[in-house]
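There's a structure below that I have some questions on.
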Amino acid sequence: MIWDATFFESIPRFITPLLLAALGGALCHRAAVFNIALEGMMLIGAFFAVVGSYFTAHWLGGIGAALAAGLASGGLYAWFTVRRGGDDIVVSIGLNILAAGLTVFLLRAMFDQRGQFDDPAIATLPRIPLPGIDAIPVAGPLLSGQSVLFWLALALVPVLHWGLVRHRLGLRLRAAGDNAPALRTLGLSPERIRTLAILASGALCALGGAQLSISNVSLFTEGMSAGRGWIAVVIVMMCASRPLWILPAAVFFGLVDAMGVRAQAYGLPQQLTDALPYVLAIVVMAATLRRATLRVRI
Amino acid sequence: MAADDSRQAALCRLHRIDKHFGRTHALRGASLELRPGEVLALVGENGAGKTTLMNVLFGLIAPDAGGFELEGREGFFADAADAIAHGFGMVHQHFMLFDDMSVLENVVIGAEGPGRLGRIDLAARAAEVTEVMRRFGFHLPLETRVRDLPVAARQQIEIVKLLYREARVVILDEPTAVLTPQEADALFSMLRGLAGEGRAVVVITHKLSEVMTHADRVVVMRGGEVAGERRVAETSAAEIARLMVGRDIAPVEKKTHAGTGTRLALRGLLCAAREGERQVGPVDLDLRPGEILGIAGVAGSGQGPLVETLVGLRPAESGRIELDGQDITRANVAARRAAGLAYMAEDRMRSGLAIEASLAENAVAGREAQPPFARGPLRALGAVADFGRDLIARYDIRATGPTQRVAQLSGGNKQKIVVGRELSGTPRLIVAHNPCWGVDIGAIRFIQDQLLAAAEAGAAVIFVSSELDELFALSDRLAVLYDGQVQALLDRGDLETGRVGRAMAGAAA
Amino acid sequence: MSRARWIVPLAALAAIALIPDLRAIALGFLDGAFGGRNMFNLWSTVSRASILLGMAVGVLVAFRAGLINLGGEGQLVLGGLAAALVGIYAPLPVWAIVPAAVLGAMLAGGLWGMLALWLDRGLKVPLLVGSLLLNYPAGYFASWLASHPLRDVASGIAQTHRIDRDARLPRFDGTILDYGIFFTVAVALLVILADRYSVFGYRLRMQGLAPGFARAQGMPTGRLGYQALFLSGAIAGLTGFTAVFGFAQRYVDGMLTLPLYAWTGIVAVLLAGIVPWRVPIAAALFAVLATGAGGMERVAGIPRESAQIITGLVILWLAGSGRSLMRRRGE
């Protein structure tokens, strides 16, 4: 049966990385930073989550290492774009290539592994059981026993929405994206606010990566992000960087992922189900962007 | 100096400011004094140093030499925040607003007030802004996005922004460029009120009529220096003009030589509107050979769409465009150019030129595939370079040669390339959109003379400008646009500021 | 400042010369890139440079026109695939196979490139993202073909059957370098010359520098864009052909994607500052970097991914050095 508990249980696991990365990308986009290095930042997060978790034998170590690595990659991005005036797209390309090379390099240098590293010592994120809901047919597997990151990602949606409207940082973030010179005439620094947004996106993407490597599974494989960072970019664009719209979009692509995996069990070639999200991404973007509601700043 | 008597009352003083940008000596010992209760006009040509001086005042540029004194305190502001904290506020020529944010957000940003953990108490801020607006007689919808407001309202937001921050010094850069004459009068009476409460008001402008009517004192800048300072009551427009330019400027000599027949006919022309745009048209107009039709209107009254539709960059929704009796409504830009269209685009840096390309490459654009600039699919590089050199000589363009990058040239020289390119090859119809914007007075005269000469040679000219002075000087007839419609069509003999101003505001002329 | 600029490389050179371990690594790098028995490694560097040159020139055509085509990978893969299909299955006389395969490869790559621009202009999916997303279906489709319907089952890995022996691109005597390099070098020369001496090249350049200007001057910008994307994709497809008919002699799953040819091609164009004559130099540089890193791995066990790390760092450094790598639209 396709619609069994395992299927529902898997949906949030696919949603979480997309949601976290898209929220991070949205913060940048709102500040007029076209961050398309989400893929690389996720990959770095996934790798260092495994590193931290393996060496500390605790999931918090994994999260901590992922966060630190994510902030570092955000710092690198911010340094080369905001500080040195580099082009967003070029820096993104550089960071993506660097992330792909660095993770494979370190995989071999640190663990002497090619392709994949798994070890019983890698601690996974705790799952949060929801007594009382467990037993309900669909909602039970969907909501009970999910990782902390799933709930964090969900909570961030209203928090970021509120913050963009009602918090002074949110106001200034939008202002930096709208008209940076005008912000400067007010004596405020668009550079600072952009740096903050980029750092936040690095951290969020890294957490998304951690969900991939130490929650969904407990291992790291080369190129583990597998294009999810690009799907996140698509989500950011079609949702015009609005947190409240990003949630349903992430749910949609999470569902597609989950159903793809399911379909493989029924004999559909993996390559075709793997291609599905990208084809759908193009179709959905064409459908949503056509009305030109979004002015894409690139 | 004529104004020494009120020295004691100075609020602040810039003293002998000097500033170089590379080899350019932008400010040469310029001094300026602001006094409470006074409306000061700061006038000068493009590049005279007005903006640089204001940037020095605001701490945005560190001068090479000179001093600043505010109420006995010495030393320049550290940055814009410092200046704002000391009660200095500026309304820039290009409004510094956030289009996608509400009026309230635009006013309070940077001064969001107290709030736990950075939360903004929007209700409390709204009450404060409402109170400020009530005191000064503004009526702005606080929740509306700036994007949806007209230009005059946006300017009011900028002023409310300053008043909300309790500015004592209010500086406005070319504030009337986007206003109708009536709106400009209203603005100045409001500024007079602000000065009356003890603020120092500075208006940067190049419109001498405004200076004479509304200012108390005028400081004239030329070539980075203060060329003169006068009490308005003790001077004349002619004297200020002489100080600005350093010599007498003869008025443009305009002869009417409109021929017979119809060069251009617009019949019920309706421009295709893009999403969110107001409709422009239907427009009915006839133009004779040799005739210059001026087009006036507040910015955004439909000039852009009309020009784009005329040159083929925007399709016509309905109606006809005929050039010498030939229907070109559906023709593309290349076909229209082949039929004798020349186009001087408003946005020189993006549409008029490829500034990263060389002078010669810009000069042949549009004719790159025709002899002598091409042989079949290949370019004739020798002919291209020759043409570039020819243009440099004929138009007195200050450039090192045909291969120099256009980005390195001054505004006036850039525009000379556009004018030279478009006027070579005896066009039949010239569409010129603000061709004199942002260039120095010498180049302005040159460009105006070129347009007059082209008209004399038989071209019909559509001359869109935001400057009434030059429209009055060049036009045989003047069409005033309001909200996408031709509100008035006046003959040269009927041109009068009040009439045109009323039409610009949408009233019957 | 100016002194610091040459002190660093000088110190690095001195360290390499004086410290035995570093010297061994450096020699390993040089051997990996230029040495080997019968100069095997040199020829494999040249072979890789040929592929990178093809990819870079394809990207160059699009970037020159201001069109950010990140879809080189999909265009390359589909070109290679089309070539393989023609080479293996087309019932053609031997002499016609290569021309047919070239045509098929260029059509496949070119149309895939045009599709990306159509998504942009027709459906408002930004070219940058649309072209990139199209890489994935193309890559997965080729991977599926190679591992299921077209698989050479006997070989045990995911690859197609071999191209007919007589249709393969011959190799230079005593080397592993095949005649594919004639194709890529010829295309590169053509593009470099056309950029300067043809009206088409001039128009592409003007459109890239100032699209609004090109339109206002009456250049056929709509057509130019599709022509540029077709050419860009077709050159990538042709590169796929040279790989399939050249060193691989068949389509092997991942042969065109795993070495990051497309991304390296983009990086080479950026390093060249989108200046045509510098592109071949940049492509050769990255080929040396990749094979040299392989040499370092052999002598010192440094993972060869060090080449990717250096590539990424080079791009970051370039982007931050204020050189105009990409002339942005507007502002």
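Of note:
All chains are identified by letter, namely A, B and C, in their written order; residue positions are counted from 1 within each chain.
By definition in this document, contacts are C-beta pairs under 8 Å (C-beta built on N, C-alpha and C of every residue); 3 or more make two chains touch, one makes a residue touch a chain.
Since the model is a prediction, treat every value here as computed from it, not as a measurement.
A complete topology is adopted by the chain contact network, contact being made between every pair of chains.
Each of A-C and A-B has its own count of C-beta contacts, and the greater count is at A-C.
Each chain gets a centre from the mean of its Cα atoms; for chain B and chain C, those two points are 47 Å apart. The distance from the centre of chain A to the centre of chain C, with each centre set as the mean of the Cα atoms, comes to 29 Å. Between the CA-based centres of chain A and chain B the separation comes to 45 Å, rounded to the whole angstrom. Counting partner chains per residue, chain A shows two or more touched chains at residues 292. Touching of two or more other chains is recorded for no residue of chain B.
Listed in rising order, the residues of chain C touching chain A in the complex are 68, 119, 123-126, 128-130, 132-134, 136-137, 140-141, 143-144, 147-148, 260, 263, 266-267, 270, 303, 305-309, 311-316, 318-322, 325-326, 328.
Those residues of chain B whose C-beta lies close enough to touch chain C in the complex are 311-313, 332-337, 343, 345, 347, 350-357, 361, 365-366, 368-369, 374, 377-379, 381. Within the complex, the chain B residues that touch chain A are 79-85, 90, 92, 95-101, 105, 109-110, 112, 115, 117-120, 122, 275. Chain A meets chain C in the complex at residues 36, 76, 79-81, 83-87, 89-91, 93-102, 104-105, 108-109, 227, 230, 233-234, 237, 269, 271-272, 274-275, 278-279, 281-282, 285-286, 289-290, 292, 296, 298.
By the touch rule above, chain C contacts chain B in their complex via residues 197-200, 202-203, 205-206, 209-210, 212-220, 327, 330.
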